[in-house]
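Both of the next two complexes hold chain A, though its partner changes from chain B to chain C.
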Partner chain A sequence: MDLGQAFLDLLAPGPLVLLLVGTLLGIVVGALPGLTGGALLALSLPFTYRMTSVDGVILMTSMYVGGISGGLITATLMRIPGEPSAVVTTLDGFPMARGGRPGRALGLGISASLIGGALSWLVLVLLSPSMARLALVFGPFENFALVLMALVLIATLSQGSVIKGLLAGLFGMLVSYPGIDETSGQRRLNFGFDEMAGGFSTLAIILGAFAISQVFADAMHARQRFESLDPSLRGIFLSPRDYLRQSWNILRSSAIGVIIGILPGVGASISSIVAYSTARNMSKTPEKFGTGFDDGIVAAETANNANTGGALIPMITLGIPGSPSASILLAALLMHNIQPGPTLFTNAPQVVGALMATHLVAHVAMFAIMIAGCVLIARLMYIPRAYVLPIVIVLCAIGALAENGRMFDLWTMIAFGAVGFLLELCAVPLGPFVIGLLLAPLAEIQLRAGLMATDGSLWPILQRPVACSLLAVSAAMFAWPLWRDWRRSADARARLGTQTTGRPS
Partner chain B sequence: MKRRHFLAATGAAGLAAHTASAQTYPEKPIRIVVPNPTGGSADYVARFFQTPLQRILGQGVAIANVVGGGTSIGNRQVRDAAPDGHTVLAIHQALLTAATLKVMDFGPEAFAPVAQVATEYTAVVVNRKAAYQTLPAVIAAAKAGDLKAGVQIGAINHFLFLSLSDATGTKFRYVNTGGGGPTRTALAGGHVDVAFLTVNEAKPLVDSGDLAIVALFAPSRLPAWPNLPTAREQGTDLLLNLSYWWWMPKATPRDRVDRFAEALRTGSQEPEIVAKFAEFNMVPAFLKGAELEAEITRQYENMKALAARNNVTAG
Partner chain C sequence: MTSDRTARRDATFAIAMIAAGALTIWGVRNQPRAPFDPVGAAAIPFWTAIAVIALASILLARIILGHATRGGAVSLFTSADAIDDGYTVEPRYSLAAALCTAAFAAALPFAGFRLASIGFMLVLGWLLSDRTPRAVAIVVAVAILGGAGLDAGFRALMIDLP
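So, the complex of A and B:
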């Protein structure tokens, strides 16, 4: 495979137009609430049949990159995650945008996406064969321990009351249970309703809890405008000092994104959750997370773009897709009679070259398109809410219906809109709710599969080095913030103590 | 008198509608529901036929992946669709397994079977590092200790193992690793010991040196894999395959069912699809009408008996 030649081929007019169209479509669909990059890939699958395999790969890879990146726009400006993987971006992106710095919030997210993607590209090109083996090391117990690490975030993420955060997390887990019990193949908690056999759609719940509830809340102050906005969109481009300050965060979050991307059992949303929680736990100022803090946006957006490079690694070297979107890409290749796997590099080197070159160039294109569009996009914040809200409702409804074509999902979305609105009214945070919802099913399936393999014994989880160390890390991540807070309050008490004892004279 | 007139009139109208229906069908685009996610073998087969069917029927053909509830959501959607031949279900034995396990309160009897287009024989696959590399060795190992079998509980890959253990008197310990893709990964990582996969699913990890195919449960060797022995050659006379079936809502007029079945037959003889089948190691095996119904009944009864004997009829 000649990567230089692949880049040259890609820069010819035809492929380049395809790449730009794919990236742009990906960004738009990724930004639209409800329509996900995965849905776009599935929809465009039939169009790739008539293309050459190289053109198909260029189109789909650029859509994949664009889709993952576009999610940050609506997450930042409207607190509506365009993609489930952008849920964590809402935590700091939205407060910063509402606080009057939408340009800065978008700029941070866009630059972080580019750098995360580019770093994962380096791993994809240089280390694919060796890194792909990681996909095999992770069995059910390892996956479970990893998911647990992300679940611990529920405890640390809660703004304000820890009790309310835990409550929200448990509620999220609860609503993930109805449907099919994946471990026995049986229906559970469907209360006799046929429609409930599939449970609640995760996408419909996220749309409801974030987008529809925000519509309810905004509708109460529909006439309000944001007076404090900075109209110059200053800060879209980051200064060298910004990069320097974020360098460690970027490297760490990229590594987390790539590694989790390689693992087939867990998705892109987990990589941003883990990266965010790691950044928060290692930060000297953890209390700033969730209030519109640079580090939070950078960690989340670096990780979910780094995830794309990671997910492609086992796909091209072992034929194992690392994410649902990668599995659609795999389907496209198979329909072209191209079997990914170790023989791909010899049988279809031009396809591997096109995929690798597109992954990088699409990231650059994404950066250019999003920065250029930023000025227009950020104006969304100035449009009176009364015009924006109906459009948001329609887009969400389309998204909820498009997933499976079921009215039930639409009702689910509206119901969880009300639930989300009530939760926020009671100051119960939505972040832990969504994390519980996304992670509980994964944790359950992996743990129960592991227990089936060991005949119900939990001990082997401690005998497996990877699983055991991940458990230790989760325990540390759980205990560390508590201990830090305790020490601080102990310090404060001690100071208070010396003050009172020092006072008598 | 009046009543008789009425009957005659409706009868005539019905007949007219009947003949008209065959001539005009399909009068609008056809929706093919695949109750599995994009990128599984049931999905591939539906997509092979998408373009040829458009050409043959002269109407648009859309594929909708309606996922959830262990295929029951998509199945139910087709069962409840207007029985006019414009909604079609493409699914293999998952319809039977879901009914056997009572995940759905209906089964194949709730549909009009249209056609079978192909079958795909399955194979027992092990890790290349394992001590057992032939079918007798796998069976011996399973009898001696507990071999962990990667399956999706209640899905077709679980029933394939039940058939094998029934025929050979062995027991496996089932681990819920999921469908073909994730199970293959777990097998390569050594997290389970044995799995039923299609040759195509196993291929990339066979090429990488991680997996070895032990036995193909087919009547004869595959042209593309001349060195892969069948189970029959190794003393276990068992045929285990996926059957790619198409269905319509129960009340769909027979002539419309037949028109679509014939379109599938014509399509499956086109060089494009013949080549796809060969590439995916699928065997063209067209069935319709009474033959198809007999085949479905045979498999369904067999499956129900297996489930009862092995006590997997939960619910």
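So, the complex of A and C:
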């Protein structure tokens, strides 16, 4: 992979236009409450069909970067986070903007996003090749154990109930099974319907779960009106002293963002929450957090952009997405018949180069676009949803029909839109569902390949150190939150017993 | 403490998961095994379904026994509680959007993409708008220009639409 050549290729007119359009669209959609960067990525999936894989990667990576960044505009100016990952930014961004310094609040957020993204790019470039080389020695059992560990991690780290997270991941796996079994070539789980012979379209499911469910949820806010915003941008450019004062906060939050990004399925929202909490806990003036404090904005925005580089590392080296949005990037590569994983660096080095170059250049483009146009972008909020949402649904319908021209895919999309909406209503995370859907075929193929080589015996999996270690980590990751919850409830019961009886129970 | 509403939602989710697991087991019950394959095409779906049923049963048992289940997973949706104070969400519009989308899909084979999408954007746009003359005029313009424009644009890109 020649990264220098990838940068040069990216600066040609065609790819550069794609990058700028992708970044701008990502920022606009990221800024609008309701539609998220993930929904935009899902929506754009079918339109990358007619592109080369490199062009598709450029467009989608720039949308990914723009989508994560755009949320801070409306979070800061209106206390309305365009992206879930920008929720924490509202805590200090909005008080600072309301206190008469909207320019400084935006400047801090935009600069922190750029630096966080750039630092995570550095880790992406330095860590990915060695991680891919390490993964090359993995056999089927190691790969299976890795996918299993990813699923357990996704469920346990995506916050909320561990059981519900695991169930969401397993439900995604169940949905992936109907169709032709790749190992034996047999039809499976088609329930006698010819339309089901090929299974559900992954694209239709992703469009439904990410975009249609989001539109259904957003329709609840169709009549919402927003306060007018303060357009003053004085102080948007930070001084060298500002950067110097925030340097430790930026480094720490970037490290948090990258590490959480590398963990499978854990998105930018958790990075910003953890970075913000850490910054507050380590601050000499924690009472200033939540009142319009520089450190709060910088921690949240550095971490959520640093998450993007981290999330791409396991995706390109192991084929395991580090965040829900990265899982859609993974789906895009699979649709172009490119299997992410350790062999990607030798089979499609131009794709890896384009992805890495785009990740950095899109951050620079994001910085320029947001500094120049953030107030204009924020004004798009005033477009009533009644005009936007029907168009989004029609675009999704075109996307579902574009793959195979089957009405069945359109109905699949609508059905999974409803499923996604209901899962969110039940506080079941959608990230594990989509990642289970994408990883299940890989896990099954690897396990069955391994079992064919051992005549159906699972014993060798325990004799291979890497596979066995990964299984042990999975078991520990699964057991730890359950044990912690059990301890908490036992302590609570003990305290209750002490209060009611007056003596320890 | 788990509220009644959360418990009801979790119970519904658990029952739906048990049903999905049971459907999968029923679906693979007669799956033949290829001679060269020691595992068979049914095994992995079967064991996944068993895991789903087991976990969903644990969730259901916890609810019945009155144990709290943790909610508050970080949503991919923009958080409703981050919206303006005092603003009331209106779930009926979500239902309207879902029904209109289903009607749009049902009408596509008969009406064709252009007509169906114009009609869909008109109806849903009107339902979601505040229905002032100005808003309705914009909805009509967006529906006609959007429907016809998207149809023409995607046909030009050789995407096969009904």
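We take it that the second predicted complex is superposed on the first by the 268 of 505 C-alpha atoms of A that agree within 3 Å, B and C clash if a C-alpha of one lies under 4 Å from a C-alpha of the other, contacts with A are read in each partner's own complex, and residues count from 1 in each chain.
Convention: a residue touches a chain if its C-beta (ideal position, glycine included) is under 8 Å from a C-beta of that chain, and two chains touch if they have at least 3 such contacts.
Since the structure is predicted, the reported quantities are computational estimates derived from the model, not experimental observations.
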| item | value |
| --- | --- |
| Partner chain(s) touched by A:D294 [first = chain B, second = chain C, both, neither] | neither |
| Contacts of A:D9 with chain B and chain C, given as first, second, both or neither | neither |
| Partner chain in contact with A:P140 - chain B first, chain C second, else both or neither | first |
| Touching partner for A:L425 - first (chain B), second (chain C), both, neither | second |
| Chain touching more of chain A, residue-wise (chain B, chain C) | C |
| Partner chain(s) touched by A:G341 [first = chain B, second = chain C, both, neither] | first |
| Chain B versus chain C as contact partner of A:A402, first or second or both or neither | second |
| Partner chain(s) touched by A:R188 [first = chain B, second = chain C, both, neither] | second |
| Touched partner set for A:L318, first chain B, second chain C, both or neither | first |
| Touching partner for A:I270 - first (chain B), second (chain C), both, neither | second |
| Overlap of the chain B and chain C footprints on chain A, listed as residue numbers | 183-186, 324, 405, 448, 452, 455 |
| Complex interface listing, chain B residues touching chain A | 37-39, 43-44, 47, 50-51, 63-70, 72-73, 76-77, 101-105, 146, 148, 152-155, 173-178, 181-182, 184-186, 188-192, 200, 203-205, 207-210, 276, 279, 314-315 |
| Touching residues (chain side chain A, partner chain B) in the complex | 42, 45-46, 49, 135-140, 179-180, 182-187, 194, 197-199, 201, 264-265, 317-321, 324, 327-328, 330-331, 334-335, 337, 339-343, 404-406, 445, 448-449, 452-453, 455 |
| Parts of chain A lying in touch with chain C, wherever the complex brings them together | 33-34, 36, 38, 50, 79-84, 87, 90, 158-167, 170-171, 173-174, 177-178, 181, 183-186, 188-189, 191, 210, 212-224, 226-227, 267, 269-270, 273, 324, 384-387, 389-391, 393-395, 397-398, 401-402, 405, 407, 410-411, 414, 417-418, 421, 423-431, 440, 444, 447-448, 451-452, 455-456, 485, 489 |
| Chain C residues within the chain A interface of the complex | 6, 9-10, 12-14, 17, 20-21, 24, 27-28, 31-34, 36-42, 44-45, 48-49, 51-52, 55-56, 58-59, 62, 67-80, 82-84, 87, 89-91, 93-94, 96-98, 101-102, 104-105, 108-109, 117, 120-121, 124-130, 135, 138-139, 142-143, 146-147, 150, 154, 157, 159-162 |
